[in-house]
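Shared between the two complexes below is subunit A, which has subunit B as its partner in the first and subunit C in the second.
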Partner chain A sequence: HFGFQTVSEEEKGEKVYQVFENVAKKYDIMNDSMSLGIHRVWKDVLVHKMNPYPGTLLLDVAGGTGDIAFRFINYVRSMRERQLQRKLKHHQNLSWQEIADSYQEEAVKPLGDSQVVVCDINKEMLKVGRQKAQHLGYSEGLSWVVGNAEELPFDDDKFDVYTIAFGIRNVTHIDLALQEAYRVLKPGGRFLCLEFSQVNNPLLSRLYDLYSFQIIPVLGEVIAGDWKSYQYLVESIRRFPPQEEFKAMIEDAGFFKVDYQNLTSGIVAIHSGFKL
Partner chain B sequence: LSAGRVCLSHAEPQVAAGRPAEDGRAEEQDGCYQLYPGHIPTSPLQKALLAAGSAAMALYDPYRHDMVAVLGETTGCLVLPNLRDKMKHDPEGYRILQERPRIRLSTLDVNRLQGLPDGTLGREYIRFLDDNKVSPDTRMPAKFVDDEELAYVIQRYREVHDLMHTLLGMPTNMLGEVVVKWFEAIQTGLPMCILGAAFGPVRLNARKLRVLATELIPWAIRSGRNANCILNIYYERRWEQTVESLREEIGIFPPPAVRV
Partner chain C sequence: SVVRCQLYPPQRAFHASAALRRASDEHKKEPSASSSQQQFDSHPSDRQPEQEHQGPRPSYTGQGGQESEDYESEEQLQHRILTAALEFVPEHGWTAEAIAEGAKTLGLSVAAAGMFHNDGSELILHFVSQCNTKLSELLEQEQKLVQLGETEKKTTDQFLRDAVEARLRMLIPYIEKWPQALSILLLPHNIPSSLNLLTSMIDDIWHYAGDQSTDFNWYTRRAVLTGIYNTTELVMMQDSSPDFEETWRFLENRVADAMNMGNTAKQVQSTGEALVQGLMGAAVTIKNLAGLNQRR
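Moving on to the complex of A and B:
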């Protein structure tokens, strides 16, 4: 499925690539306009749920313009600062030299060895992400890699956390992406997926449909000059399996303790699973 | 109602049930079929939102020519049938509707037109394209017009716009564009032209406004009223005709001798 159209599998990949190539530059503005800024809250919740400690190795798939990666870095940085503060507090009997040395350590490792790899199939999106990183001053602990979620260019058992935010519904074979996620995670690693899902409230559902089909393509045309990409967006949301079904798919890939959390009455949901 | 009318599904939840398109080729959107390549069917609410949004965006960012085009399409629905009828009732216009000529660099024989004597429509048109560094191929195709013939009418209007510049002797700077818009507003009655004519002058300085108000607009209005419908001229068959004789034939008065 490409939204409500039926296309061959090879075509879907190509068409999705073109959509994101077209929208890359306006991606962030459109996200803010369409969700009235709420997408920022959703992404914050995802990273808080992840609760990464310094030293975590994160793989952010379909990470495109870097929203999750930047939040991860901010979170880990502030965690690290608190960690160091606590350490200092408990060691107030240290000599001056040792305290000065610990400052050095903080300067050298502000992230405490945490790293995030941003992986996306679309070069345009990665380009926008890299420019944003430069602009906002993120440099350490970030890597940008071109890759396909169905066939990741990474070895087995490598990452502590795997995230995919608003990306998995664009993948042609979701089950393959889930299998790959399982493969590259370390034992004990966590899978987290933030994605549009089914609204459980009937009244809200009607309003949401009205908003999606009437307003979002218009916003796409006026702001980005691209009606069709945003028509695809709202259709692809409707095509995606609902919460329980997606949960079952994640379990099929081998994950345990699979659960989901609805946000904004189910407009989006965060699914979580562990590789044991 | 003409045969080309589109049914517009009002209840979007119907679409959400996911009716798949037939073999993926006939693109079904909003529950109805595409009437022509590039057609995007829209509901009345969407058209209203598009009209408002495109107007705002066009004012905010004048380089968004696509927004001007969208504004024209979404507001022109009442006026386009009149234009089409004007064309139907004129022998030359009727022929244009039948043959559907398009002005594109690929269909124009640029070398031949450049070789024509000075003062002919063809020569002056090419000179206009070169001087102002524009091309007929940058015109947006119609997307939101829900009738295939009317989509052609607005397309023809867009493609003839450059020829208007040539016939009126106006360059593509802000002042020239405003003058052409006044002429087109009188001629076509398209709301987009009227809006452009009314709001365009906002960005002009005092000297230009004076010239505009005292000389250019009165001339544009007189010519617009006097002239035959500009969509009824088969320009592609008149490249050898001199601009002056074509002006006389249509009824456009000679432009005032001011620097634009």
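Moving on to the complex of A and C:
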């Protein structure tokens, strides 16, 4: 499925690539205008749910413009500061030298060995992401890799957390992506997926449909000059399996303790699973 | 591999997983590839099979009823993580960080701490439940010794004092962070579980103390002992005397009070009864005076 069209599998990959190639530069602006800025909250909730411990190695797939990666870095940085403060309070009788040393340590390793690898199939999206990182001043602990979610260029058992935010519905074979996620995660590692899902409130559902099909493609044309890509976006959302079905798919890939949390009445859902 | 399988039966259902297999790999240092044959023959799993190239996994044999075994194993793994996390509590407090460090020692990713609540509730509840189990075992052993005639049967107040002291002593390694734990246990979403654990512990103590009552006394005894336990625990939190002498003295006084209260209670009861009789008599007199009791 490519939105509501039916295309062959090779074609889908190509078409999706073209969509994101076209929208790359305006991706963030479009996100803000379409979701009225709420997508920022959704992404914040995702990282809060992750609650990453310093030293975590994160793989953000289909992470394109780096939204999740930047939030992760901010979160880990503040966690690390708090940890250091707590350590200082714990050892009340440190000498001045020791206190100075620990602040030094914080300056040198502000992230505490945490790292995030942003992986995306689309070079344009990664390019935009890299520019954003430079612009916002994120330099450490960040890498940008081109790769296909169905066939990740990483070894087994590498990452602590695997996230895919608004990316999995664009993958041609979702089950392969889930299996790859399972493969590259360490034992005990966590899979987190933030994706559009089924609205459970019938009134909201009708308003949402109206908004999606009437307003979003128009916004797409006006802001990004691309009606068709946003038509695709809206259709692909409708095509994606609902919460319970997706949960079953995740369990099939071998994850345990799979659960989901609806945000904004089910417009998006965060699915979480563990490799146990 | 055969020996290993026999030694770790509860983990059988989890051989499909990476974590427990990895943990037992670390203990035994055996190559995981050789175990796959063993596992296929004797340990059916109900999880979908992975492709062979992804590594050794047992095949799907489609047996229902394995589901409950799998579910139990998830809990067992969680218990193991929480137990491992306890050693990090003095440093990190009752938090997700302690759980993350605990998971690390088991060879799991720190992300496994995401399985639990962010506020560390499960860790505290796990600890409390472990302490209660230890207390039960202690009391059970004591009872056996008494039955075998090897020790004297204690008086009720001595028994209660010793039981409460033994239970509170288990808090000593974590005493610095325990106030934090108490406040978390009082959060609304934790109250049912923490109350449950508390009442079952108190029940246990009274059971081993030889409490046979089935009447109203059952409730008063529970309430009294719960009061003693809670107040002593709070005193312990800010006791800085050597080996918590002050706390045990406080405990001794409270238990003595409670014993006396038993007598007072009887007195109050009989006074109460007398009072009620008097009131009834007064009521009947008034009715007579008002002419309501006449039978025509």
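We adopt the following convention: the second predicted complex is superposed on the first by the 276 of 276 C-alpha atoms of A that agree within 3 Å, B and C clash if a C-alpha of one lies under 4 Å from a C-alpha of the other, contacts with A are read in each partner's own complex, and residues count from 1 in each chain.
Just so we're on the same page, contacts are C-beta pairs under 8 Å (C-beta built on N, C-alpha and C of every residue); 3 or more make two chains touch, one makes a residue touch a chain.
Keep in mind that what you see is a predicted model, and the values were worked out from it rather than measured.
Asker: With both structures lined up on subunit A, is it a clash or a fit for subunit B and subunit C?
Answerer: fit
Asker: Using C-alpha centres only, what angle sits at subunit A with arms pointing to subunit B and subunit C? Round to the nearest 10 degrees.
Answerer: 150
Asker: Which partner chains sit in contact with A:254 here, subunit B, subunit C, both or neither? Use first/second/both/neither.
Answerer: second
Asker: Does the superposition put A:56 against subunit B (first), subunit C (second), both, or neither?
Answerer: After superposition on chain A, A:56 lies in contact with subunit C alone.
Asker: Is A:276 touching anything from subunit B or subunit C once the two structures are fitted on A? First, second, both or neither.
Answerer: In the superposed model, A:276 contacts subunit C only, not subunit B.
Asker: Touching A:103, do we find subunit B (first), subunit C (second), both, or neither?
Answerer: After superposing on A, A:103 lies clear of both subunit B and subunit C.
Asker: Once both structures are overlaid on their shared chain, how near does any Cα of subunit B get to a Cα of subunit C? Whole angstrom is fine.
Answerer: Comparing every C-alpha of subunit B with every C-alpha of subunit C, the smallest gap is 30 Å.
Asker: Taking the contacts subunit A makes with subunit B in one complex and with subunit C in the other, which residues are shared?
Answerer: Shared contact residues on subunit A (touching subunit B in one complex, subunit C in the other): none at all.
Asker: Using the touch definition up top, name the residues of subunit C that touch subunit A in the complex.
Answerer: That would be residues 14, 16-20, 22, 47-48, 50-51, 54-55, 74, 77, 91, 96-97, 100, 103, 106-115, 118 of subunit C.
Asker: Quick one: in the complex, what on subunit B touches subunit A?
Answerer: Contacts found on subunit B: 12-13, 15-16, 18-21, 23-24, 27-30, 40, 43, 45-46, 49-50, 53-54, 56-57, 64, 66-67, 70, 143.
Asker: Applying the document's contact rule, which stretches of subunit A touch subunit C when the two form their complex?
Answerer: That would be residues 49-53, 55-56, 83, 90, 156-157, 160-161, 179, 182-183, 185-190, 252, 254, 256-257, 272, 274-276 of subunit A.
Asker: Where on subunit A does subunit B make contact in their complex?
Answerer: Within the complex, subunit A contacts subunit B at residues 1, 4-8, 206, 209-210, 212-215, 217-219, 221-223, 225, 227-228, 231, 238-239.
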